[in-house]
Amino acid sequence: MQVKTFKRGTHPPEFKELAADKKIEEIPLPENVFISLSQHIGAPCKPIVKPGDEVKTGQLIAEGEGFVTSQVHASLSGKVKKIDKYPSPIGTKPTMIQIESDGNDEPLQEWTEEDWHKLSIEEMKNRIAKAGIVGMGGAAFPTNVKLSPPEKKPIDTFIINGCECEPFLTADHRMMLENSDKLLEGTRIIMKILGAKRTIIGIEENKLDAIELLNKKTASESNISVQPVKTKYPQGAEKNLIDALLKRKVPAGGLPMDVGVVVNNVGTAIAVPQAVKTKKPLIERVVTVTGQGIKEPKNLRVRIGTPFKNLIEYCGGLTPDTKKIINGGPMMGIAQYTIDVPVIKGTSGVLALTEDITQKAKEFTCIRCGSCVETCPMGLVPTRLVRLIEFDKLNMAEEMGTMSCIECGSCAYVCPSNIPLVQRIKVGKQLINEKNN
Amino acid sequence: MNPILLAALSMGGIGLAFSILLTIANKKLKVEDDPKIAQVEDALPGVNCGACGYPGCAACAEALVKGDVGISICPVCDDDEREELANILGVELGEGKREVAVLFCQGGNDNAKVKADYEGISTCLAASFQSGGERACDYGCIGKGDCVSVCDFDAIHMGEQGLPVIDRQKCTACGACVEACPRDIIELHPIDRHVFVLCKNEDKGAAARKVCDRACIACKICEKFDDSGGFHVDNFLAKVDYDKYDKDYEKPTGKCPTNVIQLVGEKDEE
Amino acid sequence: MAKNKISLIKEFTKGLWDENPVLVMLLGLCPTLAVTNSAINGLSMGLAVLFTLTSSSIIISTFRKIIPDEVRIPTFIVVIATFVTITDLTMAAKFPEISKALGPFIPLIVVNCIILGRQEAFSSKNPVGRSIIDALGMSVGFTLTLTLLGAIRELLGAGTIFQIQIMPDSFANWMVMILPPGAFLTLGFMIAGYNWINDKLKTQ
Amino acid sequence: MELFVIFLSAVFVNNYVLSRFLGICPFVGVSKKLGPSISMGMATTFVMTIAAAVSWLIYYKILIPNNLTFLKIVSFILVIASLVQFVEMFIKKISRPLYNALGIYLPLITTNCAIMGVALFLVDMEYNFIQSVIFGFSAGVGFTLAIVIMAGIREKLELADVPEYFKGAPITMIVAGCLALAFSGFAGMI
Amino acid sequence: MAKKNSEEQRFTLSSSPHLSKEDDVNKIMNTVIMALVPAIAFSVYHFGWDSLLTIMVAAGSCLATEYLIKKMRKREVTDTSSLLTGILLAMTLPPGLGIGFVMLGSVFAIAIGKEIFGGLGYNIFNPALLGRAFLQASFPVKMTTWEAPQHLAMDAKSFATPLGGYKFGESVIQNAGDYIDGLIMGNVGGCIGETSAIAIILGGVFILVKKYADWRIPVSYLGTVFVLGGIFWLISPANYPDPIFHLFSGGLMIGAFFMATDMVTSPVTPLGSWIFGIGAGVIVILIRLFGGLPEGVMYSIIFMNAFVPLIDRYTRPKYFGEVKK
């Protein structure tokens, strides 16, 4: 089968072998969970419980207002201990609800299955919203919103993003292997909701077993196809994946729906059938715990709100030369200063990187080698953007597309002068936003 | 013909021809401009030397009227011409109560706890995206000196403690540092104000104490001590009410257990 | 007027350093670069400017009150052009060699910003005496700068200053210095040097 | 072919700015930004072409027949000054956008030795009318080339770590020197 | 500040990405220097130990100049780029040029060619070539006096290069055999490092494979020279040399592989690289065929260097989903 890809990009070492063969394991219930009220893009939720309240697994404990928002549920049963600000893995300190486990994991209700074919589209969307499902690739965009494109933007193609192009991470890969039926069921549900004619599952070539398995399972369905894509970073970036699969360019500042496409991550699609069929909310997710600093890398199914510490301990703890703890992958993930931060809905991996891997070499001035230009998947000229930002020429930087940067990290990865290009561009985006407001 | 006469005639002829042409052109082709621009242009030297970076005095005048540049742009002008320009443009220096910038943090190297190492661009703004860099306090100074680098008046320096030190004499209250600080811990205050609560930490006492030795722990001792109601603790942070606070400013200092209430500047400052 | 407080000496010396027409105001760069391939050419050019500037300053400041404002620029130009013609013809007659070396740059004095600029900024507003001092200061500053520039270029490019051999015979002349690139480079370094000295003076 | 040689010569071999040192003031003053420098170059080319034609006419049709060549400086400067002013008014009237793009550069051209230089050179070189016009035009193109290259470089240097004392005019001069070195490769081509 | 608790590990906060490719500026510079070894070796064989001396003097003066200037500016020397500049400069000098001239050229190359713009990464012109252009303009006679290669037992003080021979009418290359032995192997007169095309191509291909040079530049540069030279040759074989001669004579090879590809002074965009190479190729042919000088490689490159800011500006790729206004 023909392998598709996008222009430019890079190929960092994969390090996937650390956890690729590890079956997903459940970890013991943590003593405490910290459930963040800002796990999604949009305004934070408001708690509807107070300290001292008893909660059951799956009980709604906070809800949001407005359109782009999401619900938050208790991920285990127990007592609400505190509602306070705690560090979150996205680097902020949002309000969180701390629940002390009673060890029983008592569910709110019996989660009985219904046949989703009988449900109306509105009802299905409603159930997805109620279950608090957000994009689980990292951006955490509320899924029900994504599945409700405006009428004048009809969706013809649904894409499952199974690229998992970030090095180290294997959670999506494992899920595709172990939960393929759920994935396909979710796919069918979403297709029905969107009214899309076809689905393409884009998977990087380095996950051959997943490609083969899904190919076999979809052989009888003509409207679902599996498309291998080249193992190249950032293949899984939404816009680049659409470009690779369909040759459609999402306009700058636009969304996939502008070109008739909706993209969902593997984890999101897998979470959908449960919500639609049983109304059971999203209270757990699969996280890859890996990196040279983790003694036994594993793929774990964990409750939302479990502190990183519990995950790391379950994997044998940290080696003493661990230098960085990262939420997500090494290219776009966020460095942590503590392992007390909890897993949130967007946490795809917990990495412990050692000194020798993350060693930042000395910074030189730009020698204009053009590597960043040849790498940038968005066709930007990072070196020039960075100079413009540094010298406060924000208008010109904006004109040259700074806001289109997806912060994938490719430019900084290849830069021989070790210039923190991405960080500078992030600062520049902030400054441009300030300037425009 | 006499050559002198001839010379005069031909020069006169050329001159006459062109001046007639120009006079007619001036009438027929006249376009109305902002009269202020013309005025400013007149006040400028009119040598069109281009030293200002604009392609001639007219362009420079336009920029001046628009307010894109200051009067000092023209290197050829003398003081008189500058004064004239200032009159036309209506630029005046407003006189008001002098203000100075005050830093509301004492979390220097000795006092602030460190939570992590930081690698990357050494600016406060960049560090603020990475959980705020080394120091543990979420409200205090990040210490990378963005305020120092934006100050055009050489009035802020990075002190030994890794905290910016403001020179009250040099400060012009331009507000650049206030804008630049991502933690909003620099404020402008009248120069005759001396008592400040030098902390912005709104965490509960225990949490605040954990991150800094000089954090307001909301103990309310200052409230009790100052009976005029000059201090009140709000959202776990003490604040001064300058309307109520009597000017006897040495009163509450020294009573604060974490020394966040401090005197800044001298009493006899202007 | 505030200007009256400035002493005449100050009026003269400002052209030499603080407001040096070449190094600070970057005026009259064309002749500065073009003719300074030797010290003597620089000096001659400077003197030609000195004559033109001073004489036209005298005329213009004398008649400053009767020149109508609307036609002042054309008037200035005619006056300047007249003096430039005199200079040009005189030089061609008395110093044919130098005149040849300076080529079209003597006639081009007429469009030299220094001269028109001084008339506009100074002579048309000030009495004769002061205008003369100002014109002399400016043109002496101009002359000295040009001579120095010419001397440096001549020294490195031909080993001589004012055609007197300075460099030892073993010195290989840097031809480039008397060519166009040398002019730009030397002036660049002179301005940088000026900035440096000025900075040092200020910080003292 | 001969006209083409005049063109090449004025643009590359004896570039107006880099080897004849004419028009240095605007070359230094208006080369900070690319946009204005392109406009300046176009305006200069325009005026130079017209000025070459008019000066040629004045010189050969008025001054020579009357044996008044000593008046060339006075008459040239008058002609150029009036011409520039006229062109400025004319452009302002017919097209405001064009005026904003070109017109504001025109006053700067009056005292620009480049124009006067064209007039003087064409007399020196004894060009005929057509040659003079071509010469005026190509000198303008040469000027434009130099100022546009310079503006590109200066925009880039604004983002560079140039030593303090060399910022501004000195570095511009040095870049010009380097450009002159580069252009010297064309020497002897014509 | 660094109180590391044994129980609690202190982690590092930094921006993504947390991985970086194992490449750095010095590695690039050193690899390019390595790639020059064949050419240097050949020059020693060809012109004797003097050529090695010239190279060392140039490299040494460049390093010293850089060190001094950085010290004056209170900065540190962080890279070996000036070493490369020195070697490249020496490669373009005629053998037997006095040590003083070599040093002067090196100082000019580093001081004016590089440091005055702010050092590595900011320079507009290729420093080595600027140094050479300065020497060429200052000492035109010295710079075009070619010493005979030592192993060709010739007594001539001035020895014509193939290009000089063409220009001034005394052809050095007469038959096909001379092409292989002379131009390609390098048994001809010329600058220290430019004579042997084969040695240069060897190193050049090495850095192209390593991706330390943009392949588009040598391809477009050499291609343009070949095609344009070929067109003139087809028009009039009697007056103009054939394209093979163009390709392998003079400094074209070293220019195309090592000078024009200098990252700092060439465009960053792929399209820009093509334009850069083609422009330089056109100028080489113009100067060689119609100019006063026999060789135009150096001028073609520094001339195009001046255009790089403009090229970069106008060849910026359209970014993803960019909407034309």
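Labels A, B, C, D and E are assigned to the chains in the order they are written; within every chain, residues are numbered from 1.
One rule holds for everything that comes next: contacts are C-beta pairs under 8 Å (C-beta built on N, C-alpha and C of every residue); 3 or more make two chains touch, one makes a residue touch a chain.
Treat the numbers as computed from the prediction; the structure is a model and nothing was measured.
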Where chain A and chain E overlap in contact partners, by chain label: B, D
Furthest chain, CA centroid comparison against chain D: A
Most heavily contacting chain pair (counted by C-beta pairs in contact): A-E
Chain centre separation in whole Å, for chain C relative to chain A (CA means): 70
Between chain E and chain C, distance of the C-alpha-averaged centres to the nearest whole Å: 41
Chain centre separation in whole Å, for chain D relative to chain A (CA means): 60
Intercentroid distance (Cα basis), chain D paired with chain C, Å: 22
Chain B, residues touching no fewer than two other chains: 47-49, 51, 115-116, 119-121, 126, 129-131
Junction residues of chain C, two or more chains touched: 26-27, 73, 113, 116, 176, 179, 181, 185
Sites on chain E at which at least two other chains make contact: 10-15, 112, 118-119, 122, 134, 137
Interchain pairs in contact, sorted by label: A-B, A-D, A-E, B-C, B-D, B-E, C-D, C-E, D-E
Residue ranges of chain E in contact with chain D within the complex: 73, 112-113, 115-119, 122, 124-125, 130, 133-134, 137, 283, 286-287, 290-293, 296, 298-300, 302-303, 305-307, 309-310, 313
Chain B residues within the chain D interface of the complex: 3, 6-7, 10-11, 14-15, 18-19, 21-22, 25-26, 28-31, 47-53, 55-59, 62
Chain C-touching residues of chain D, taken from the complex the two chains share: 18-25, 28-29, 70-74, 77-78, 81, 110-113, 115-117, 120-121, 124, 163-166, 169-174, 176-178, 180-181, 184
Partner chain B, residues of chain E touching it in the complex: 1, 3, 10-15
Touching residues (chain side chain B, partner chain C) in the complex: 45-49, 51, 75-76, 78-81
